[in-house]
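The block underneath contains the structure these notes are about, expressed in structure tokens.
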Amino acid sequence: MVKARGDQEALALLTGLGDQPPLVTKAAASAVSSIQSNLAMWSMVQNAWYGLSLGSVLLLAAIGLAITFGVMGVINMAHGEMVMLGAYTTFVVQEVIRTRYPALFDYSLLIAVPLAFLVAGFIGVLIERTIIRFLYGRPLETLLATWGLSLVLQQAVRTAFGPTNREVGNPSWMSGAFELGQITITYNRLWILCFTLAVFAILLAMLRYTALGLEMRAVTQNRRMAASMGIATSRVDALTFGLGSGIAGIAGVALSQIDNVSPNLGQSYIIDSFMVVVFGGVGNLWGTLVGAFTLGIANKFLEPVAGAVLGKIAILVLIILFIQKRPRGLFALKGRAVEA
Amino acid sequence: MNVMDTRATSAMLYLDGVHVSFDGFHAINNLSLTLAPGEMRAIIGPNGAGKTTMMDIITGKTKPDEGTVLFDGTVDLTRLDETRIAELGIGRKFQKPTVFESQTVQDNLLLALNVDHSVRGTLFWRGSKAESERIDKVLETIRLTDARNRLAGSLSHGQKQWLEIGMLLAQDPKVLLVDEPVAGMTDVETHLTAELLKEINRNHTIMVVEHDMTFVRELGVKVTCLHEGSVLAEGSIDQVSSNERVVEVYLGR
Amino acid sequence: MTPHILTRSLDRAATAFVLLVAAVGVLIPLSNLLLPQGSMFQVPTYLVALWGKYVCYAILALSIDLIWGYCGILSLGHGAFFALGGYAMGMYLMRQIGSRGVYGNPILPDFMVFLNWDKLPWYWYGFDKFAFAALMVLVVPGLLAFCFGWLAFRSRVTGVYLSIITQAMTYALLLAFFRNDFGFGGNNGLTDFKDILGFNVQAEGTRAALFLLSCLALIIAFLICRAIVSSKLGKVLIAVRDAESRTRFLGYRVESYKLFVFTLSACMAGVAGALYVPQVGIINPSEFAPANSIEAVIWVAVGGRGTLIGAALGAVVVNYAKTFFTSGPLAPYWLFMLGALFILVTLLLPKGIVGTFNSWWEPRRSTGIAADEASAAREDGISAAKMAE
Amino acid sequence: MSGWSKCIWGARAMLKIDNINLYYGAAQALRGVSLTAEPGKVTCVLGRNGVGKTSLLRAMVGQYPIASGAINFDGKDITALKPYERARRGIGFVPQGREIFPLLTVEENLKTGFGPLKREDRNIPNDVFSLFPVLETMLGRRGGDLSGGQQQQLAIGRALVMRPKLLLLDEPTEGIQPSIIKDIGRAISYLRNLGNIAIVLVEQYLDFACELGDSFAVMDRGAVKYACDRANLDPAEISRQMAL
């Protein structure tokens, strides 16, 4: 009977039975072991869920980078700052709503998403036009210039909004949690997972079915020939970079729900994002998806064994070792199509 | 020992049944070729016939999916990397002249000399008389004596081609793979290059890829025509250039 | 080292640089110690320490320039080697505190007592001996660089991929050193140093000596780098930088060359860190921050990558500017300026200060227009290379 | 309207190249080349490998900047225009080696030519499929998976989608099986007979060029060294000029 409850409490009850008749002890022991395996199963599920949740955050942060780094080959160290700008856009939207239209608070994120896309996207286009276009084919220089840019953006936000964390609220539909079997699922994590997958799907569809998507793919596969087909390659470059940055901005909206909104927000994601893209295979969106979830889940399964920080270190070390083995990542494109 | 084996062991380079494919595309398709010691061989064929890929395989840049590649009859080249293969004595001139542009002509040759290539050896290196004499000799051969202190990047296209050939000479390999040596050269330069290669051929085995039929004719050596990754025809320039298929796919009617 | 390497490596500019550093190394401490306080020419003690810091940074910049400027390896994790050298020295200094710590434990540093550790972890053994610590200053960064480089260079991880994983390396170390149970003082790091080799680290005389030592180390590091880049090895490194695959086809084992300079460079960075710690009085995990490593790269870019004097100069100039601006009313704008520096140097001054000066000066110095022609042709060469299929 | 827009129309325009020079670094690839191409005519440029034929085409489409000289198209000087601007004015390019976008499908490859078109004209002309029926059966395949001959047809079809006024073909028969060469030949003469499109055909395959060409220029070492038109065409003389 107690076995049917199957949770931690029941386990405590059963192991705490003490001196009982042999029959009861035996029954209790079998109940204990069955509960324990049950619990182990649920803790696996819990870890898997945490892993998916972390994976979705990684994917969200990395997806824009998969465009700018993976597709265009630009090492954008200011990518994290685009995420940060998205988060601050959310903050500003919520401030305006709080002071002017409090009733709209639950819709604040819906308003923030397109705005964040535009803000970050616009800045992305600006960056491409003023800095990056002079540095194509010089990846190391791009890296340094965009790093400088990230310092400027951080400091600009610090000057405008102050160095401390800013409060971004969760709308009611993002708060709370529900129970699924033995595990607790918070709504914000669930929504972020759904949101991430939606962004991924929209991006994929955009690349596959729109004219701009076609032009982007044509330019990245053969820039010279694309120009000879009348595609304005420099415009496509700017828009592609803007798209990648805009998606980073959207990521910022979602991350504002689970992380501190501070000028340093982007810094904490940049290395992870690069790891995801490199691990998944540069130039392959599906690789980024698989890479993000693999790393997320691996991280959460390592955590109970090694602890949070050591788990993360272990992941970093594993990725470093992995890159040695497969420098082109998990889903590397192969053959002449890539070499050309 | 059967015929096949003797052919393999007596050859300087021996390729048999080599296949390479990239992403479903067969770049090299059942390619078999032998190069005898001391031979000079011209390779012709349309673009994309696999000439450069073949050189990549011989020098270890590309690993074949299957097939045998032997050097000097015994050494299996498919197991070795570029450095090791270069050390064995296979030198290569690239299609696009690849010299060290920010270093002087003289230093380019110095780097190519086949002396101690270890880290320690180069750190404690001090020029010897023999070395500088060899460099002088190579400079003379490639007609760049006056340009010895110029940066390689400042040379004309033809001079860069020669410098790269000079680097091969300094390297003194057993086999020279020469990819399009006269591309972009004037008539006179082309003629001089042919003379130069013939001179080098006196004590080196050479495989030269070239489109310029006048040049190939001037070399006067056995010609192999590649097409779609395998050998289409082989023989003297006259035999090959009168071959129906060669005319169709390459020379044009 | 055999003398011919030394004579070959000392051209006029190099000799001038060595003499300048030597003069600074002697004059600043002398003026600090001998002239009366308040005198116009007296260098205050805090400035001695500050300039000592710059000199250490200059050594770090040299180590980065050796691999980036001459061999094309952009490490974004060189701060890690600097910090490891610093920690090795910091551990020695901690052990020298002895029973003078807050808790008065003769063996255990304060933070271990605070964390209720009952004995010294094994990896702290030996650090009470200066010789051992000094050895570790070289061995620890060198060994890490060797292992890391061995894996990376052998599997031909190059370009930005290498940069990204070096950054991940220093990031992983940052996370590790933040942990209390890692045994290096966690967040606070190692500080409250008292003595070095029996001398008080705060004393003016010690500071002066440390400054002199740092200048000496800079000179030695510079001479080592000069010896390398002016040897045939240096030519091979440049060959690797400009055309790695061509170098391989000439029969050079490229990965051995990279491994050699990378490890050497890490050792130099370690020495810089070790000299840095007693002069600033603290070492903590923030030294591992990826931002620090990237900042060090920009010193090199500002000064001129591929010119050793430029790298050292860049480190001093940028850090002097940093001190100047962050201590004045312009402090909030420093990061703007640093950011702008990154952008403008890469866009407008890709050769850096010394590189630009050289290319402006050399054509005028050498007879004829050969060099002008050469540099123009080099640019042509680049565009031709881009255009060629 | 749709019937009109679903065919290839082109518009009369003339190309005039005047004394252009082109360098790759230190190597001079073109030496004072002049050439004209008229609507409804096929201008053939002949010569062996490496004599500058491809460089000439790439200079026309703007991929390589020329050092001196002028390129005039449709009455305007286009020397300073970027490649995509030239394409938008009606220069269709079929490069050597096809340069199909390998990861795009056949249909997507064709659609990359929509850029210069007005919205209502953004369709694939029926002529493309009637000239190269194989493309219609392979719309969903990746360009990189096609055989060489199919890729060549796709490359020509792709250029036609742009409704070019000037069509530049760089060795369209290179490495292609004879049956497809015949298809390509038929396509080129069909396009010439439309009367509005100027065609420049770069070839090594002399018979093919002689069959289609209206005027001929033989290049060697970056310069035009022999020229003639159909009226005084002597294949033997051209062959001799090419072989020298």
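When the chains are written out, they are named A, B, C and D in that same order, and each has its own residue count from 1.
One rule holds in what follows: contacts are C-beta pairs under 8 Å (C-beta built on N, C-alpha and C of every residue); 3 or more make two chains touch, one makes a residue touch a chain.
Protein names from UniProt, one per chain: B = Urea transport system ATP-binding protein.
Note that the coordinates shown come from a computational prediction; the quantities given were computed from them, not determined experimentally.
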Pair exhibiting more inter-chain C-beta contacts, A-D or B-D: A-D
Reference chain A; chain at largest CA-centroid distance: B
Euclidean distance of C-alpha centroids - chain A vs chain D, Å: 47
CA centroid of chain B to CA centroid of chain D, Å: 34
Rounded Å distance, chain A centre to chain B centre (Cα mean): 50
Length of the line joining the C-alpha centres of chain B and chain C, rounded to whole Å: 43
Sites on chain D at which at least two other chains make contact: 24-27, 144
Per-residue overlap in chain A, given as positions that touch at least 2 other chains: 335-337
Chain B, residues touching no fewer than two other chains: 23-25, 155
Residues of chain D defined as touching chain A within the complex: 61-63, 82-84, 87-88, 91, 93, 95, 99, 101-104, 108, 111-116, 144, 158, 162
Residue numbers on chain A that touch chain C, as the complex places them: 75, 77, 131, 134-135, 137, 139-145, 147-156, 158-159, 267, 271, 274-275, 278, 309-310, 312-313, 316-317, 319-321, 323-325, 327
Touch list for chain B against partner chain D, complex: 23-25, 46-49, 155-160, 180, 183-184, 186-187, 211-214, 227-228, 248-249, 251-253
Residues of chain C touching chain B in the complex: 2, 4-5, 227-228, 231-233, 235-236, 238-239, 242-243, 245-254, 256-257, 260, 370, 373-374, 377-378, 380-381, 385, 388
Of chain B, residues touching chain C in the complex: 59, 61, 81-83, 86-87, 91-92, 94, 96, 98-103, 107, 110-112, 114, 117-119, 122-126, 150-151, 153-155, 167, 171
